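For clarity, chains are labelled A, B and C in written order, and residue numbers in each chain start from 1.
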Amino acid sequence: MVSGRRKRLDLTTPGLLGLPLAWLVVFFIVPIGIVGAYSLDVFSIYPGKHPVTWSGWDDFFHSAIYLKLFWKSVRLSLLVSVIVVLLAYPVAYFLALSGTKRKYVLLLILIAPFLTSYLLRVLAWKVILGSNGVLNSFLFWTGVRSHDDPISQLLYSKFAVVLVLIYVWLPFVALPIFVSLESLDRRLLEAATDLGATRWQAFLRVTLPLSAPGIIAAFLFVFIPTVGEFVTPSLVGGTSGYMYGNQISDLFSTGFPDWRTGSVLALFLLAVVAVLTGVFSRFLGMRQPTA
Amino acid sequence: MEGEELMERRVSREDFLKLAAAAGGAGLLASRAGAADAALARLAAESGRLQVMDWAGYEVKPLWAQYLKKYPGQKPKFTFMTNEANAFAKLRAGVRPDVFRPYVGYVRDFAESGFVQPWDPKLITNLKYLNPVMVKAGQYNGKQYGIPSDWGFDAILYRTDKVHPKQKSWSLLFDKRYGGKIAWYDDLSALVWAGYYLGFKRPYNQSDDELKRSQKLLISKKKLVRMFWSSETDMNNAFASGDLWIAYAWPNDWVTMKAKGLKVQYMHPREGPLSWVGMLMLGKGSPRPQHAHAYADAWSSVQSASWLENNYGYGAANLKARPKSSDLLRVLKLTDPNAVREPNAHIDRYVPRRAVYARLWEEVKAA
Amino acid sequence: MDAALSKNGRRGLRGLFGLVVVFLYAPIAILLLFSFNDSVLPSFPLSGFTLTWYRQFVTDPDLIGALETSAIIAAISSVGAVILGTLASIALVRRRFRGKSAASALLLSPLVVPYVVLGISLLLLFHAVGVPRTILTVIIGHIVISLPYTLLVLIPRLEQIDVGLEEAAYDLGARPLDTFRLITFPLILPAIVSAFLISFTTSFDEYAVASFVVGTRVTFPLYLYGALRFPSRLPEVLAVAVVVMTVSLLVVIGAEIGRRVAERRLGSLAG
């Protein structure tokens, strides 16, 4: 009797899982399949018969323009992710290991901006960076720069995109690093210094390697969404800050519609993201729930 | 307000049931746009308000005041389109306006799309006062698909205190001396003005070779361009704040910048500016054709036309309207009904290979 | 000696922490400042104090309408996501079955899919089936997005609760539904509330997917995005920004504190 009860009657499992899984299949898996269909011309926005064709994919790989744009987005994302992690690590280290009494409160203060509106935070920078924006007008007002000579390359540039994305992600990224540093056993550090290591050596040999999972998780948390980012570039990027996500968005909604090319681009992005996620999944904290 | 919300909720429930059936697999292929059409038409018919999809800024009352004289108290309901591609996307998604406004280059595209039906010219009393060149441009296969309303040019706006063009040419849009201060319009028409600059015979219908050269020119000059604008006010903001000194722009932008006290000039390039005419179109299956015709008639009235000219600096199709400012008359050449077409300007027209142009323009943006 | 940080190290890092906090909050402070500034353009020098923009935003029907629309969408989609998330997390934590890792991977996968891909895929789905875009389609998309977040909150909490409690209930003859209602649900309630709030704030602020699947009724982020292009509306937008941010900050901080307090109190029961 006891053993039967311990292994809960599995007949209820489909009942429990059925609805959530079905929802995702219908509204997540199937739509992605439809994107695939559009990429192969199985479906098309143009009415009438049309053969299934790989030419959408062919053009994508042979045109070099889209792959270059993708690579540009990857580079920008790498830049953002590296800087964010470099900034977040010392901050998380301070919170986790300096023994400050209110570390959770401080952590909450750090993370809170991330939980407010993304668009509004981008808006704030649009207001700050313009040629007559807050920053430049402040410089005029204090006489540092003359009215005719604002710092103009702040807005509508790659710089603006990188800056804003760093600003958006920094609070969030500190969290996984904090978690992995907090679970560090301080006795290991003390042992290292007892054995004669300097603090630096202890850091390099003990702390850093043990916090590596947190660092990698943090890096991926920023990198993966940023590659497909299109909202920030559309608001502050101008022509030079134009990214891969913008192209996809343009092909579907703002520009002249070309759903086939757009679907190819979207699936390619998805494939890259899926590979990255699969390879690094153990760092992303998506562990199996135990039971 | 409340009534509409109730209706929207009612439609939502019906659509939810439809969705549920679809999810069950049963209705996956059976559900047709027709059912969606009916649902939306029901919504619209019950509310009795004219559904107008228009460009931002055209929803203001003085532009359609005459409509309220005929149907007092029945304000139209406005949604917005940002360009024709956007309008197409919305139409395909099931939005069914009674009236919307593409521009003259798209008359044939929309006429053939199945989303519009021709107007009955007899119901537009002001039609006889409208510029015949423009009225003709709104016809396709002998039917009147578009009622011309506003018109203007695509040319170059620049600050006279910062910019000294070496010649009156489209080349100002890629003048090396002003790199980083230039804005282009985010539209495949870039390939057209590039074509005019390069001296091609028919820039609206270029050959593969010519398109390649146009695209190459655009890509090579892209680094001088600060932004591709799609929202006019975005560009105006940037221009007013000093982020831009040169922009591909419409006459209204010149009016707006002057009003802000900037020293600006609106230059027609010697290769010829592009010109456009707004074409009000009637949605197919509209349950309110009488209202729609009255709306188009209101737009065609002298009162509407005069207000448009005085406030937005755009020309109006009604030949009897005259702006108060002679400055405007001069810049817009409003005295000449032929100003809108060759040889004065290149009026937008049907682009047979529009999909190719679009694709090449997207590549310019991606490059 | 402190093995992790020297005195100077600590001072340096404290300084860095301070700088980062200033960097994070300065733009928000600037929004706050200029929302009271008596000028249409946010620039120095300041033009005087005014409450006009706040008054304008409260009386702007389009803006209020957009806020309402977003609130409705957020509320409904959060309820949906929490219900689905609760079902799924019970299955994943309390049941043993093959394919558990595949199921949990699928349920968590929307987290890593770029929103632009999610958005267009739903657009294509609705287009293929012939469903017009309304707030319903946005709600569907937001449930997909929020579901993984609810799992990330509910699963750890469920694991914390001792299975023995539920077993005891069964031993005493309770049916599964009663067990859930009387034992499990009260214990995971703080996590459910957290999950609801996370889903709510995610949906309320979501622009990318909504931009593809929204119909004629505009959500708050879409309204914002459009209003960014109208210079005369900018100060009003700043006023809204300040209010929305303040409210969400208070809600989030309050919710987090509340959750910890509640779980600590319930912790003694859960063992």
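Criterion: a residue touches a chain if its C-beta (ideal position, glycine included) is under 8 Å from a C-beta of that chain, and two chains touch if they have at least 3 such contacts.
No experiment lies behind these values; they were computed from the predicted model shown.
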item	value
Touching subunit B and also subunit C, the following chains	A
Most contacted chain pair (by C-beta pair count)	A-C
CA centroid of subunit A to CA centroid of subunit B, Å	36
Cα-centroid distance, subunit A relative to subunit C, in whole angstrom	16
Residues of subunit C whose C-beta touches two or more other chains	41, 123, 228
Residues within subunit B bordering two or more other chains	92, 237, 240-241
Subunit A, residues touching no fewer than two other chains	132-133, 252-253
Complex contact set, residues of subunit C against subunit A	1-6, 9-10, 13-14, 16-17, 20-21, 23-25, 27-28, 30-31, 34, 41-45, 84-85, 87-97, 100-101, 103-110, 112-118, 120-125, 128, 140-141, 143-144, 147, 155, 158-159, 167, 170, 176, 201, 204-205, 207-208, 211-212, 221, 224-225, 228, 234, 237-238, 241, 244-245, 248-249, 252-253, 256
Footprint of subunit B on subunit C - complex, ascending	41, 123, 126-127, 129-136, 215-217, 226, 228-231
Partner subunit A, residues of subunit B touching it in the complex	23, 82-83, 85-86, 88-89, 92, 180-181, 186, 188, 222-223, 225-228, 230, 237-238, 240-243, 354-355, 357-359, 361-363, 365-367
Subunit A residues touching subunit C - in the complex, by the definition given at the top	5-8, 10, 12-13, 16-17, 19-21, 23-24, 27-32, 34-35, 38, 43, 87, 90-91, 93-95, 97-99, 106, 108-110, 112-113, 115-121, 123-128, 132-134, 136-138, 140-141, 167, 170-171, 186, 189-190, 192-193, 199, 202-203, 207, 224-225, 227-231, 235, 245, 248-249, 252-253, 259, 262-263, 266-267, 269-270, 273-274, 277, 281, 284, 286, 288-291
Interface residues, subunit B side, partner subunit C - complex	8, 11-12, 15-16, 18-19, 22, 27-28, 31-36, 39-40, 79-80, 92-95, 231, 233-234, 236-237, 240-241
